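Report on one structure; see the data block that follows.
As written, the chain order gives the labels A, B, C, D, E, F and G, with residue 1 at the start of each chain.
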């Protein structure tokens, strides 16, 4: 049983000094600064196109509109914090350079993805994020569990990516372009194309796998095998939002397509609620946070599915909000893990005194997550509520929204209260101390930012407004700072907080209840099906491979010939394919040669003695030689006779050695299948020949050659002239073959001689 | 002189071939009675290796007789007869028709 | 019985050059009559096989103008090179060049075609002759 | 001349058939070998000379001569070796070593 | 005349071939089979001659020459095989 | 074309394939060789039978005789015969080497490159250090 | 000069083969000559390709006998590029042979056989005559058999036998098909066959053309005719294996493409059948790979699987699909050869090819891991590597033609390919080595191996990052086959 990879850090408890690699954070920081400078500029001013593969309609096209800018800021901003954090977290750990390299590569992929204006360019970056994510999740690759998680993450996201590719291709075909901005602008022109529906299905699969929507939700919590900076960055703040990004990006194109709205709202809402339920089953702090991330993604997907501009604003706001509270919470979980060696909430309590900074960050983030007033979370939730009511969606979506809010409050409480302030259980060991500054600063900073924005919502208007406008071009004003005075909203928050506290208090009991109730259902879950698929691949492979690649030559040959002959037989059976040539009475000699061939053939099959079989097999050649003799082919007869002699020389020599080795030419395996295939092959080939020779032959080529033979090639034996002159290149190959056959047998002869010496 | 010997040897040889060829054919077709085959030895002397080899060839070419072995130590030919009824006559015939002229053409000392 | 056959030894010595002669004749006649490099080569192969039976594999291989693999390779190389002069003269590969050698009483046509056919001859002789001789050599001591 | 050729060739063919028949009528491999090789050669000789006479083409003669020369040179080798091989299996070592010598035995 | 003789030769040769083939298949000893093989080669030479007769083209006789030159090697090698075989295959 | 020749082709191909499908090493190899011989005849026949003269220009003329055989397939078949023979030689030596090296002539038990699976149903690791 | 360039794909390697055979007694000289010959071939192939790109298809017949009477070689963009890639593979593999990562035993016949193989492949790519193609197939076959048997172990002999029987039968079926085509049309030259074939009733032509195509499928390793490939390839030493893996089956694919994509236009049913064969090939190959644990066997089955994609491109039977096929062939030769070579380096470092017996490489040799990922992910079809574009073009065309099932199969097989590559990655790179005391051996001579594999990887990357020129090139090849001047 390998040790739990999650406990790996306990060994690195000493980490006080941050790794110098943390300074790499300057890279994303500069990107962030640059991006910040673009706020408020026109989207089209920030586009550039370099022709790349014009033949395929794929350009290096980038475009920075509001939505992209929001993502770029998130990616670079959170990325800066993550790299600083990782500098502390990874200090002294093996292979940390690789982690930083991969994080930076991932960042590039993310930036590319969110700024691409070409579907296939986007797809390239999309797959790169899957790949870097794979390598990051499997960072602790010597543990099998980490490998499994990495495999799962990659299989789901890259598998989805392949479907997405099909979707992009179909979309490109329907729209006639891969350029996203063009495609969105011209949506009316192609929206009713019959290809759109299959394209949509593929798009959904791609986006849902990446953003962990049902039924592909299971991989994300398992990806928590990754080091915490990775989880914070990829699996909460950025990568998992790619699916959301893509849907948001294409949302304006599909406005009014019923399927688009129905699927997104349904799947999003169900995912949001169901994953919150699953949160209650977890004991691992990171997994708890992961499920709540899935839920948030569900909410975002649902919001995109809603048709109007309010929803677009809500999407933008919630995107930012979630990143600003979830990233700190992951950092918090990382700090706890790093300092205590565990993330299991059963073993964690009262850490506030030992880790005050972390506790503060947790509290700030939790406030936002719970949607308390004066936090950014409150604003976001408010917008969500408004958009839902505007859209007039099904009642159950609203109920599920309430449920999600309740559990969100409970989760926030667990992360901020239970772990830090709750007394009871095991006492906090003395040696536990707060992590270094590099691990303290990022969570506190980000969480504080959430509070700042919550208090001064207007600060965000340029950013979120532009983003919302990108999602819903018809939107003109940003309603961000609206709903604060809405008392109805306050009531809803109060209800959610109240119920959330109840859930928080009853957390353990609900947990046990759910475990009991849901365990039997696990067999039916997507995770179980994934496991079955993983087992099915080698199982199916085994069945098929054992059948096709049995290691038995006779079966290979049987299958091969059977498969070649069957289609030819079918082709011959088609009307007009077969015809008989005019049959002539053969000369006596030809009858004799044919008879010799037939007798030798039958005899070769029937005799059991190796000696006789070899002798008789030579008679097939001899029969051919006689036939050539009477079919006006003296050179062929000559050659065939000469070859027959050499054949006899070789087989006689081989046979002598074989007799010493005790060889028989006996085969008692069932003859029927062999006979069937043999007769079929011979029948089909013969019929093919008869059909091919039924008509007259176009003899231009041989006639010309014969006419040229004497005057131009100075030879009267046309066959020889063809061999050495007209088609000398054939003959060159032929003698190469002969020489090769000898070169090929030389080592075999050496082997045979060596063995003999050994035996002697 | 030698040329004459060669010529007469050749003629005699061809005659023997024709004669014994017919004899063999008769032997095959003769109804009822099966010939009894057998082995005989025949010593030789005064012949070079080439001469013996040629002698063997001639004996072999003559239907009804085949040289099975030439033993250089014992200076003996081992001959298989298709019809073993009168071996002495066969040996005598060989000596007369082939051995004598060959000894003249390929005397024993020649091979060095 | 004596281990080797005197008749075989003697006649092989006689037959080997005769068969090679026949092979060369067949090779040279090939352009106008049945025959050619391959058939000539096969006759030479038979000669080598005969010699291998009579004198053993090594004896037969020693009687070849070159060891078998170089002989075969040289033959193919000759065939390959016979097409090169044409390339140098700006024609297509294997465009054969003809010339007549006056021999006083008659004239003899020489050509790269003949060169090619000779290449075929040696390739076949070297490769298949070597192969047959090696095969015959397989059981040289096997019975012992 | 043609008639003579026809007769010779006919005899050759007949002899060839007889040689083949010998394969069945003679008792063992050693004896059959006599029929096959020697009678076969003779048959071929007759047949070829006869055919050359019938064909009346001067080109025949040189080829027939070549064939006959080669047959006469190669046949004893083949026949002798065949017989030798067959004898090794048909007779014991002693029988081969102690075969009688009619000139001594007499 | 040529054609008639060719027919005679072919008929006789085919008969001989058939007999040889039968012996070859029946054996019983290897030597028997190789003897039959020898007849087959003789028959092949006869066949080439017949072809030359039938077409009136002497070039078919070249094939017969070739056969005469190489054919015996097969018999020699087979004979050697029997000679060296460990036991009679009967 | 004549029926008896077609039948001979059929028989030779069928016999060759039948032998090639055998589990016996020698039969298998010889079968391939027989198929080769049969296909040579087959290719020959594709150039049409029934010629009355060989494809040689009579001395002193520049044209083939009326009814001369098609020389092209003859040249092709000649090439194919040679190639087929080279392959046959190689395969016979190979068969001998296999028989000597492995002691088996049953191709179905010849599983050295593809050994049968182990008890766990997974492929047996190959022995790379056999020699 | 043109006349030389046309025949160079044959005479340069064949000449090298012969000279190295003559130098058998001096192995060092033979080695040097061998590499030199490969480089010379590369030079000629480059010159040929440049010439073809600049001036269009180069045709030439030998002996001064014009087609359709003599044998013609035609270097169109497709043929020229195939020759070029062949030469490149030759250089890479011979370079790799100088390392100690599973090199082929330096027997006197090794270099002659390798170059003869190249000559056979070059001839097959260059010729425009169907019987001549048969001859080059046989040259390839004999050279491969010689190389397979070179190891002389039981497994080598077993592999050689299976390879021989199935390939020889395949070639004979091809020959029978040639007979059929000749009997119908009286021609052997491709261009003449194209014209004559159009004059024959389609129903009459189909059986013979189908026979030839199916025989090519045996060579290509199409379903279910591929058994010889996974049965034999893994017994080869690495450089030779890479050569086989890169080139041999592709010759079969190329031949299928020439036949049914260029020379003959068959009935739609035939292309549909080919499409389903392609799908079955993809699936059977990838599942075979999933079953195995020996890296070489996994990769060998992936050859089969990838052949399926190329066949799919042919089955789609349109200029764009042909572009995909050409692109795929070129990409796959580079990538698959490279994977086998990298596998040999893994073998050198860990001591085995069996995934169950190795591990620990990501920790100890990360750059090898990075190197492996490039061709591995390219094989899967991850953008922007070469394999992605190849797959993309084929899948897009399948979807454009409404062949959703074929496209779905292509994508699914991509997924399963990922599974396999991940398996190798997990076991060889991420997992700890099963022997606790294992450390990579010191004193290895892997320099030439690195040079060869890095070169090929760079090529993959270059094609992937800027596929436009290759696409254009493939497009020209396809248009030319479709009948453009």
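Basically, a residue touches a chain if its C-beta (ideal position, glycine included) is under 8 Å from a C-beta of that chain, and two chains touch if they have at least 3 such contacts.
Chains and their UniProt names: A = Multicomponent Na+:H+ antiporter subunit A; B = Multisubunit Na+/H+ antiporter MnhE subunit; C = Multicomponent Na+:H+ antiporter subunit B; D = Multicomponent Na+:H+ antiporter subunit G; E = Multicomponent Na+:H+ antiporter subunit F; F = Multicomponent Na+:H+ antiporter subunit C; G = Multicomponent Na+:H+ antiporter subunit D.
Since we're looking at a predicted model, the values are computed, not measured.
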Hop distance check: chain C to chain E, minimum number of steps through touching chains? 1
Given the two chain pairs A-F and A-E, which is bridged by the higher number of C-beta pairs in contact? A-F
Taking the mean of all protein CA atoms as the centre, name the chain whose own CA mean is closest to it. G
In terms of mean CA position, the chain most removed from chain G is B
Select the chain at the greatest separation from chain D, using centres from the mean of Cα atoms. A
Roughly how many whole angstrom separate the Cα centroids of chain B and chain E? 25
Centre-to-centre distance between chain E and chain D (centres being mean Cα positions), rounded to whole Å: 12
What positions in chain G touch 2 or more of the other chains? 7, 14, 17, 21, 62-63, 108-109, 112, 131, 135, 138, 142, 145, 149, 152, 161-162, 165, 169, 176, 179-180, 182-183, 230-231, 291-292
Counting only residues that touch at least two other chains, what does the list for chain F look like? 20, 25, 28, 42, 45-48, 52-54, 56, 59, 76, 78-79, 82-83, 85-87, 89-90, 93-97, 101, 107, 110-111, 113-114
For chain C, residue numbers touching 2 or more other chains are 1, 5, 7-8, 11, 32-35, 38-39, 42-43, 46, 49, 69, 72-73, 76, 80, 83, 93-94, 96, 124, 127-128, 131, 135-136, 138-139, 142-143
Each pair of chains that touches, named by its two labels: A-C, A-E, A-F, A-G, B-C, B-D, C-D, C-E, C-F, C-G, D-E, E-F, F-G
Given the complex, residues on chain C that touch chain A span 30-39, 42-43, 45-46, 49, 68-69, 72-73, 75-76, 79-80, 83, 93-94, 96, 98, 109, 111, 113, 116-117, 119-120, 123-124, 126-128, 130-132, 134-139, 141-144
For chain F, which residues count as touching chain C in their complex? 54, 56, 59, 78, 82, 85-86, 89, 93, 96
If we count contacts the way the header does, which residues on chain C are in touch with chain G in the complex? 69-70, 72-74, 76-77, 80, 83-84, 86-87, 90-96
Would you tell me which residues of chain A are touching chain E in their complex? 587-589, 592, 595-596, 599-600, 603, 607, 609, 611-612, 615-616, 619, 622, 625-626, 629-630, 632, 634, 637-638, 641-642, 644-645, 648-649, 652-653, 655-656, 659-660
Contact footprint of chain E on chain C as seen in their complex: 8, 19, 22, 26, 33-35, 39, 42-43, 46, 49-50, 53, 136, 139, 142-143
